[in-house]
Structures are given as structure tokens and as C-alpha cells.
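Provided herewith is a single structure, encoded as C-alpha cells, for subsequent inquiry.
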Amino acid sequence: MNTLRVGWLYFRIGVLNELQYRVNFFVQLLQALIQVGTGLVMLSLVYSHTTELNGWQESELLTLLGVQILLGGFIHTFIQPNMELLMQDVQQGTLDYALTKPEDSQVLVSVRQVRIWQVVEVISGVILLFIGLSGVQGSIGPLDALAFVFALGIGAVLVYCFWLILTTGAFWVVRMEHVLELFEGIYQTGRWPVGVYPGWLRYSVTFLVPVAFAVTVPAEALTSRLHWPTLLLALGFAALLFAFTRWFWRFGLRHYSGASA
Amino acid sequence: MSEQSPIVHVRELTKIFKVPEREPGLRAAAKSLVRRKTRDVRAVDAISFDIGSGEVVGFLGPNGAGKTTTLKMLSGLLYPTGGEAHVLGHVPSRREREYLRRMTMVMGNRNQLQWDLPALDSFELNRAIYRLRRDDYLAMRDELIDLLDVGDLVRKPVRNLSLGERMKVEIVGSLLHRPQVLFLDEPTIGLDVTMQKRIRSFVAEYNRRHGATVLLTSHYMADVEALCKRVIVIHHGRLLFDGALASLADEFAAYKTIGVVLENGAAPLDAYGEVIHRDGDRVTLRVPKVETSRVAARLLSELQVLDLTIEEPPIEDVIELVFAQSR
Amino acid sequence: MSAQTAPLTEEGRFRSLFDFYTTMVRTAIAAQLQYRVAQYFYMLGMIAEPVIYLVVWSTIARQHGGAVNGITAGQFAAYYIVWTLVRNMNIVFGAPFWEWRIREGRLAGDLLRPLNILHYDLAFFAGWKFVVVGLWIPIAIGLSAVFHPDLHPSALEIVVFIVAIWGAYFVRTMFQATIGMLNFWTTRGAAIFDLYMATEMLLSGRLVPLRLMPGWVQTLADFLPFKWTFGFPIESLVANMSTRSLLLGLGAQVMWTAIGYVLFRFAWRAAIKRFSAVGA
């Protein structure tokens, strides 16, 4: 498919560009270590005062942390750079460069940029995940592993849609960047099982800012807590959101081109 | 003739920068992590001059010549590597409070005022910083606002002003404490012609009223011509010429260039002057200054001329000539 | 020399400094009010962090008969809601922004004026605080309605709290400014700042009330400045400290401000030497 090829080409260029800045690797490594370190400190503190949190054991929560960092790394590598660039383009009127290319504009603005060194974050998340899994009772069946990968994919789609919808909002509300700044703070809610949050907060991080689905569902798959209805709900939600995102993007584009000076 | 010591006294002033050298490529990059290779760049090379009270001196030279570096050493922002500099009896690099109160440096294209607020508010801040008495401050402020004609601009947030307007209010802000020495680093850069003229006439007026000593750098000949009787030419960090502006032009730029577009570009033109450039039908000639109108008249009458322009030699060429001749 | 070229007479030093601070505070308020929408979003994003901590610890408390190490859910709520105010109040000119200051050329201008550079930051951010407190009140009311904090401070505690949040501000300014000097030697200071911030988070009482940390961490925190920028101001209001500890705490803040300032002076001198050697 052409879309895949375009994506791959951009990825290669982005990687080659970034690889020049070798120092970034060490900076990223340090930042990933700090992030993992503080996460672990918090976890061990919590578990020094209790044996289980909302039904989750320490290793299970470690797994959850791993998934959150893994997905966070994915967001910082692939999603955030593109959305920030898109926001900038809309604000400065330079989006036209992307729009006049023959490829589908949504694909283009979603894959243009890559911050490859953030992959270190993804890797650290994966490592944490495996450490957590090694302590979890009960083995992971192939079905669970499959469900995990599937759920992770759904989570990535959900987060992508969320970001794109918000960034598309920049077509109307030019100073959208403040809203995006909230994301990092809210994403931290993904470090803890969604059950600890009071009702209204739980719904917010599930549907409003789909952090709970994105992080908790894959973690539930790995810790044998995942129920089929949840997975199906997540899938349905993702499909719906994706369709809406696409429509909203087109809608925003029409508005942008119409109003363009 | 006053017997005072010079306001600015510079002897063998030198500034050497260590610039890291790196070759492209992976191997060199890896090696550079372990061993740093540096190169010495003599930005300013043993220059000496004295400037008296109330003089307006222009520092001329192409980009990278060392003008800004010299000014930064005289204002105290850079330590000299060698030689000495005294301004108003102070060593600038010590940045003594007494010195800072009596000088100011204005850098083109740099913002010192509060961005979101009217300039008047920033002026108040400067009043407190320079410990000015209220009546002195108000008198000076109003005089500057009047001279630069920015009365209606000072109540607008600085971010809403155009580049030229911003430059004018920045200048007001830097002169509130009535400094005796002004360092102006490319003050007209990026401004349109009208604004450049305004600022030049302002500097001249300020100098006339308050007897301040002004050191001005520019790569616009027009700035220097309008303001400075004396110029110092700097190139590659070295002082090449220090004297009256008039003699600089006479000595080193005793020619003009004539550009013609001819019907027949292949015609021989050596009889008219030195051909320095030929591009199809466009030819550029260099002629001695005194002969310019005569040659132009001959060209127009003797050849089929479609277009003719007469230009001053660009400053870079003058400098090159100064440099070449001083060897 | 003609009379016109003589320098203008000076006004008194303290009078001028006072004028500077009042003018700067005023201009900071005027400037920041223009950005109140952005400010609000920033503050809203900031409450995610303490809310998460609060929820987690309240859950644990409820699971263990109502309290963790003697801290009830209501007291956690009080701690973390006051946290939001203290967090906003100890925002200073952060270490990474020194890089911006150097790069944009503002540092050169500041160096050419006869005023210690710290005054600019202290005054500006102090002014900003007044806007912040105004914006914070509705947030505090909202959080209190949801989380029911258990808070009954005495008059003395309120007074000490108000002094302590400014003490925290001064301590933090000094140390952030000192760390910021690293920017004169490298543009990659980001990694070191992150390390510093992580240490601050763990040892200041920002992550959890220090009482919940293992003993050796608490001892360590007593010998570092971080506790006085965060944990102490919060606890002065919520933790029923004795008068003696309250006053000792204020004294500690004074001491750490002085230490921080001395460190800054050393670092600043070295930084300016470097700046003046290599230029902007």
C-alpha cells in the first residue's frame, strides 16, 4: 500500500536526521533512567505501606508502569512530534506545504516527523514490563500475549486519535497548545489502576482523555484480568474514534482552506 | 583646545577566541569527543586609538571585521586577551557600577524592554535601576520622547510596534540616565531608509545637546557619512585607517563604477575605463572619480546605451583597497 | 567638562531598590494578567500530579483502617491541596531558562545595567505570584469540594505558612539560579536539570509527605535545601507542628537562602568570567 511506503520513507529520513545528534542519545538515556527511577521509587514506597492496591500486586503494578512508559515512549517518538509540527504549521500558515503534496494529507501530517532517540523510553518500558511479568503469578498464555499486543495497538490508535482531534481544533482555536500541555500531566494517571480513581475521574481518563483504555487494558491482558467485553468495548471505541477523527480532520481542512488568506 | 585626557583610551587591544575545529564525518566526530582541537581566531589584533570628549567616531568594516568585538570590550561585556582599554577612567571589564551608570550600549535588533507592556513602564524600571531622581528622569524622558517623536508609541505594548518603532523606544530607554559614552552597535540594521535617517539625526542632536562621546559601528557607509567626522576602519581585527572621513574617501575610494547595458555588448570599451565585469550586454566599468561625468557623457553620445548607472564603490571594495594599500 | 556631561545625581540606594521592586511587581502583574488563559491551563495541568498522589494514598489509607503512618485520607487531601498552592508559589526563573536568556542576548543587556541580576527575577516572579494566588482560589475550592480535606490551622500556623511560602521562593530562586549557571558551559544542561528536579521531587515532600519516606531518606532530607522549598511550607499549615519547629523551620529557610546565595555568587563569578572570555 502506498500509505505504508510513504510512512516508511518519512521514517527513514526522520531517523537519519536524528541519528546525527548522538548526544541526544545520552540525554534520552538519562531522562529515561530518571523516569523509571522515580516511578520505581513511588512504587516501592506504596508497597512499603500496603500489599496490594485496588487488587493489584506489586509486580502487576510494575507491569502497568512498564506499559505506561512503553506507550509514552511511542507517543513521544511518533505522535507528539507530528502533532506539534502540525500545530505550528496551522499557526504559522505553513500547512500548505503539506497539503499540496499528492499523498493523503492526514497520513502525511501524522508520519512526517520522528524523534528516534525517544525509542530509549520505549525500550525501558519494555524492560520494566518483563521484570514485572517475571514476578507475576500465573503464566501468560499465547492468547493473553495476543490480547496484549492487540490491546496495545488499540491504545496507540486511541491516543493518536485524541491528539489529532485536539490538534485539528487548532484550525479554529489557534492557541491550542495549552490544552496539549495538559496531556503529560493527565497521562500520569495511567500509572495506576483505573479503579483507584473516583467515578468522574475514571470516566474522564477512559473516554475523555483515553489514557485508561490505552494503558490499563493492555496491562490487564498481561495480568490475566482482561475481560472480553472490555476488549471489545475498547475496540469499538477505537474504531468509532478513528472514524470521527478522519471526518473531523477533513472538516477542519475544508475550513482551513476556505478561510486561508 | 581642552587638555583633558581622552575619554576612550585603547592600547594594543587584542581579543583571541578559541574556536573548536571539527571535520565532518563519523570518525572525526568520535575523536572530537576525546580530544578537542581548537583554532585561535584573532578577532581584534592589537588596535590602539584615543577618543576625546564629544567626538562621534564611526567604526567601519565588513561583517566579522572585529567592530562589535571591540565595542563589547569597551563596554565591558568581553575581557580583552591582551592590551588595555580605559573608558572614562574606568577599566570596562570590571563593570563597576560607577562606570555602568555613565555609559550605554545599544545593539541593533535586540530587545531590552518588557515585551507585553508599554515602553513607559520599562522606562520606570530603568529609572529605578539607574537610581535617577524623579525630576531628572522626567525631564530626560520627555526630551528623548520629543526628539525621537515617539509620544504616541510609548503607551502601546512594545510587541505591537514595528521594528523601527521598537528601535526608537529602545533608544529612549537606554539614554534615560544621560550617559556620557554611547556605544551604538549597528543601530540602523534592518530598518527602512526613513527610520535610518531619523535615528542618525537623533544621534547627532543628542551629541550636540549633551556633549556625549559616541562610538558607532556600522557596515552602512551612509550612517558613518551622516554622523562621523572621524572614522576608524577595521578589517580582520586590525586597524587600517584612523582619521577624517573625507580623507578616507579621497585616498582610497577615488573611483566610481559605471554600469551600462549596451546594444552591442561586444564593443571594445577599454578607451573609456577599466572593464571589471562583462556579462553579455551588461558591462561594468571602473573610472577615476574626477572623470566620471566625462566618461558617462562620452558613453552616452558615442555608443548605443540602453541603460546607465553610476555607483559609489561598495564599502567592502574600499576596505579591500585600504587593506591592500596598507601592506 | 561642561556641566551637561556630568553624571546625574543619584537617589538613595534603598529608595531606588524599593521603587524597582514595586514597579517590577506592578508590571509583572499587568503582563501576566494578559496571559491568564494560558496560566489557567498550566495550573489545571499541574493539579493532575497531586490529585493522582492523593487518590493513591487515600486508597491505601482506606484499605488500612483509615490511615497510613497516622495520616488519614482527609489529611492527605489537605496536604495535596495545599501542595497546589505551594507548587505555584515556588515557581522561579528556572535553571533551563538561563539558556534562553543567554541565547536571546538579554543577558548582555542585563550585564550592562548596574543591578544585580537576581533582582529582576525575584521581583518579576514575585509579582506573578499575586496573579497566581487569584487564579488558584477557585481551583482550591473545587478540589476541596471533591476531596474533603481535613484542615484546621491555627492563626500562628497561617502566619508562618504565609512567611514560609515566600521563604521557599527565596531558597528555590537561589538554588535554581546556581544550577542555571551550568548553561554557560553547555547547551545540554537539560539532562542535569532533570536529575536535579528528580532529586528535588523525592527529597522535598513533593512526591509524598516526608513522613512516609524511610528513615534514612528523612534524615538526608533534613540536611538538604529541598525540604524547605516544599514539604515545610505545606506541613506548617497541615501537620500541627509545634511552635518551636515552626520557628526553627523559618530559620532553616533563612539559612538555606543564605547558603544558596553564597553558592550563586561563586557560580555567577565563574560564569561571567567564562561569558566574558568566549562571548555570547
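First chain written, first letter: the chains are A, B and C, and each begins at residue 1.
The rule is short, and it goes like this: contacts are C-beta pairs under 8 Å (C-beta built on N, C-alpha and C of every residue); 3 or more make two chains touch, one makes a residue touch a chain.
Note that the structure is predicted; figures quoted are calculated from it, not measured.
Each chain's centre was taken as the mean of its CA atoms, and the one lying most distant from subunit C is B. When C-beta pairs in contact are tallied for each pair of chains, B-C comes out on top.
Averaging C-alpha coordinates per chain places the centre of subunit A 31 Å away from that of subunit C. Computed centre separation for the pair subunit B/subunit C is 43 angstrom, with centres defined by C-alpha atoms.
Note on chain placement: the centre of subunit A and the centre of subunit B lie 53 Å apart, centres being C-alpha means.
For subunit C in complex with subunit A, the residues that touch the partner chain are 37-38, 41-42, 44-49, 51-52, 55-56, 59-60, 63-64, 68-69, 146, 188, 190-191, 194-195, 198, 201-202, 207-208, 212-214.
Looking at the complex, you find that subunit B touches subunit C at residues 4, 17-18, 53-54, 69, 72, 75-79, 93, 95, 97, 100-105, 107, 110-112, 114-117, 121-122, 124-133, 136, 140, 177-178, 180, 209-212. Residue ranges of subunit C in contact with subunit B, taken from their complex: 1-2, 4-5, 7-13, 16-17, 19-20, 23-24, 26-27, 30-31, 34-35, 104-106, 108-109, 111-115, 273, 276-280. Taken in their complex, subunit A has these residues touching subunit C: 23, 26-27, 30-31, 34, 37-38, 41-42, 45-46, 48-50, 53-54, 175, 178-179, 181-186, 188-189, 191-192, 196-198, 201.
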